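Read through the structures below before going on.
Shared between the two complexes below is subunit A, which pairs with subunit B and subunit C, respectively.
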Partner chain A sequence: MDKEIMRFDKVTKRFGSKTALNDIDISIERGRIVGLLGPNGSGKTTFIKLANGLLHPDSGTIHIDDRLPGPETRAVVSYLPDRMYFADWMKVKDLAGMFEDFYSDFSRQKARDMMDKLGIDEKDRIKNMSKGTKEKLQLILVMSREAKLYLLDEPIGGVDPAARDFILKTIITNYSPESTVIISTHLIADVEKVLDEVVLLKEGQIIRRENVDRLREEEGRSVDQLFREMFAQG
Partner chain B sequence: MEWKIDDRYPIWSQLSEQLAAFITGGQFEAGQRLPSVREFAADAGVNPNTMQRAMAELESLGLVVTNRTAGRAVTEDRDRIDQIRRTQVKKEVDIFLERMEALGFTRDEIMGVLREAITEEEDG
Partner chain C sequence: MTFKLIKYEWKAMIRAMLPIYAATLALAVVNGLAINNEFFTRAESMLQGTFLESLIAIFQAMLLVVYICLLAGLCIMTFIVTVQRFYKGLLRDEGYLMFTLPVSVSQLTFSRAFVAVIIMFLSGVVGFFAIGLLAGMDFLRALIMLPAEIASAISRAVASGELSPGLAVHAGLYTIELIVMFLLGCFEGVYGFYAAMALGQLSRNHKVAMSVVWYIVLGIVETTLMWSLIFIMSGPAVIVFSSSILDNAIISLHVFLIVMNIITLLLLAAKVLITNVVLSRRLNLE
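This part shows the complex of A and B:
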C-alpha cells in the first residue's frame, strides 16, 4: 500500500475572477491527523470540497488513495460538511438508515453506542434537537464509517467546551491507525493537542506546514502562537 | 485522570512525565495492566501517535513493559519505580531551589521557610 492517502499537484480553483486556491502542491500520508488552518476565506472549505470530489480543479490534478476523485474515492472518504444538511422532518433512525444504505463501511452499532452516551434516541426528531446535538450527531455518523480519509470541515464550529471535548474524543477513538483525518478550523488552541501536523492556508496558498511536536521542540512555540504571528492584523 | 498540557514543551514529553508520575505516585501499581494507547489518548484528548511516543519513552525508562499477549503493563521491578520516583523528586527540588535562590533566599532561610510551611500544614 502506498504511504500517501492524498496528493494535490499544482491545483488551482477559481470562482469567477476570485482565485480560491492557487497552485497547491501537497502530499498527505496515511495514519495522520492534520489540521487545515487559516482565517475565513483562506480556501479551507474549497480544499476539502476538491478532495471530496464535490468541486473540480480548474487546473492541476488530485489523487485520493491513488485515484482521481470520483465515486470510488467517495466510497473511502467520509466527509463532514461545514453546515447541517439533514432535513428537519427526519428522525435519527432515518438518517442512520441513509448512511447504512449509502456507505458499506458504515457501522450502525458503532453509531448507536456513541448516541447512547449522549442520550440520543433513534426515534428522536432532528427538528427537536439543539444546534450542538445536531452537530454531534452529524459527527457521530461521519466517524461511524471505516473510511480511509475523513474530511472534517469546521467540526467544532460554535460548540461549548464539553461538546468540543466530546467531538475531539470521538475523532481520536474512531479513526484507525491506517486512516487519515483532516480537520479544518480557525480555533487552533482547541484542536492543537490532537494534531500530528498543521497546514496553514492564507489567501489560497499554503504558507506553512509544520509538525506540531517539531515546532514545540525546536522553536519552543505552540501552533496557536505560530498562527497568531502569521495572521497578526496590521 | 488529570492531564495538564501547556504551550511551551513538546506534548509527548509532558505526557510521558505525567504518565511516569501516575506510576510512581501509585495510581498504577507495579505489574498492573495499562489501558491501550488509544484509551489514554482519548482520555487526555491528544493524538494517539503522540501518546504512543510517550509510551515508548516510558518503555525505554523501564517503567512500562510490553507483553505480547497481555499488552502493556507497569513493570514488576519496584526498585526501578522507586529509582524514577527519586529522580522526579530531585528534579522538583532543584527547580524549587533555583527559584528560591533567584528570589535571594539563602539555603538556611529556605530550610526555615520549609520547616514553617510543613509545621503549619500539620497543625492546620
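This part shows the complex of A and C:
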C-alpha cells in the first residue's frame, strides 16, 4: 500500500478571472490529521471540493488512493461539506439507510450509539431538528464510516463552544489510525490540539506546511498566534 | 447502485405526488356520484324550485371547479416535481450529498429521469381514471369488460377474414413502435429539462432564469434541426415512398414510425450527453 493517500500535482483552479488555487503541489500521507488553514477566500473549500471530485481542476492532476477522483475514490472518502445537505422530507432512519446502502464502510451501529448519546431518534424528522442537531447528525453519519480519507470542511464553523468540543471529540474518537483526516477551518485555536500538521493557504497558494509540534517549537508560539500574525489585516 | 438511487428517488417523488393523486381521484368519485347517483338526481327533482336546489347546484358547480383545478394541478405538479427533484436534488445543497456518493453522474441523472417517466405515466393513469370516474360506476364496469371486448372483437375479425394473421403481426409491431415512441418521447422531454438546467447552472448568478433561456435555445436548435432534416430528406422520402417496394400504406407507416423513433433517439442521446458531460466536468454547486 502506497504511503500517500492524496496527491495534487500542479493543480490550478479558476472561477472566471479569479484564481482560487494556483499551481498546488502537495502529497498527504495516511494516518495523519491535517489542518487546512487559511482566511476566508484562501481556497480551502475549493481544495476539498477538488479532492472529492465536486470540482475539476483547470490544469494539473489529483490522485486519491492512487486513483483519479471518481466513483471509486468517493467510496473511500468521507466528506463533510460546509452546509446541510439533507432533504427535509427525510427521517433520520432514511438518511442512515441511505449511507448504509451506498457506503459499504458505514457502521449503522456506530451511528446509532453516537445518536443515542445526543438523544437523536431514528424516527425523528430532519425538518423538525435544530440547526445544531442537524450539523451534529451530519458529522455522526460522516464519522460512522471507516473511510480512508475524511474531508471535513469547516466542521466547527458557526457552532457554539460546547458543540465544538463534541465535534472534535467525535472526530478524534472515530477515525481509524490508518485514515487521514483533513480539517479545513479558520478557527485554529479549537482544532490546534488535535492536528499533526498544518497546511497554510493564502490567495490560492500553499505558503507553509509544517508539523504542528515542530512549528510550535521553532516559532515559540501557538499555531493560532502565528496564524493571526501572518494574516493580520492592515 | 442505480436501483438504490431509483429507490430513494421514488420515495421522494411519490410522497410529493400522492396527495394530489388522492385528492384528484377523491374529487372525481364525489363528482361522479353527484352527477350520476340516483339519490342525488331524485333529491334534486324533489327540491325543484326551492332555495335548497340552488344551494345544491352551487355546491355541485364548486365541486366541479375544484375537480377541474385539480386535473390541471396534476399536470402542473408532475412538471414541477420533475424539474424540482433535479434542480433541488442535484444542483442545490442536496447535490453535495448526491455527487459524493460512489456513483457516476449518468447513474444519478438516469435514476431521476426513470422515476420522472414513471411519475408522468402514473399521472396520466390518474388523469384517465379521474375523467372516467365522472361517468360513475359505468366507467369501471366498461373498463373491466374492455379486455374481453377487445379479445372477442379480434377473434370475430379473424374469423370473418377481416383481420389476416399478417395484419395482426403488423398491428403488434405498430403497438411496439408506438410504445417505444412514447417512452423515448418521455425520456427526451425529461432530459430536455435536465440539459437546460445543467447548462443554466453554469451561470454564476440567475441560474433559474438561465435554465429557462437554455431551454428556449435548445428548443430553437431542435426545431431548426428537425425542419432542416425534413427539408433534406423530403426529396429522397418522396422517391422511397413512391417506389414499388414501399408502395404500401402499412409498410410506409412502419418506416415513418421507425424514422421518428430514430430521430427522437438521436435527440435524446444529445440531451443525455449535454447533461452528463456538463455535470461531470463543470458542476457548479454554490
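Assume the second predicted complex is superposed on the first by the 234 of 234 C-alpha atoms of A that agree within 3 Å, B and C clash if a C-alpha of one lies under 4 Å from a C-alpha of the other, contacts with A are read in each partner's own complex, and residues count from 1 in each chain.
In this text, a contact is a pair of C-beta atoms (placed from the backbone, for glycine too) under 8 Å apart; a residue touches a chain by one contact, two chains touch by 3 or more.
Values in this document were obtained by computation on a predicted structure and should not be read as measured data.
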Superposition on subunit A - do subunit B and subunit C clash or fit: fit
Touched partner set for A:G220, first subunit B, second subunit C, both or neither: first
Touching partner for A:I33 - first (subunit B), second (subunit C), both, neither: first
For subunit A as apex, the angle formed with subunit B and subunit C - C-alpha centres, to the nearest 10 degrees: 150
Partner chain(s) touched by A:L200 [first = subunit B, second = subunit C, both, neither]: neither
Which superposed partner A:I64 touches (first subunit B, second subunit C, both, neither): neither
Closest approach of subunit C to subunit B (Cα atoms, Å): 27
Common interface positions of subunit A, toward subunit B and toward subunit C: none
In the complex with subunit A, residue positions of subunit B that touch it: 5, 7-12, 38, 41-42, 44-50, 53
Footprint of subunit A on subunit C - complex, ascending: 1, 4, 7-8, 11-12, 15, 89, 93-97, 99-104, 204, 281-283, 285
Parts of subunit A lying in touch with subunit B, wherever the complex brings them together: 31-33, 165, 168-169, 172-173, 177, 193-196, 212-213, 216-217, 220-222, 224-225
Contacting residues of subunit A [partner subunit C, same complex]: 15-16, 49, 52-56, 70-72, 74-75, 77, 79, 81, 83-87, 89, 94, 98, 101-103
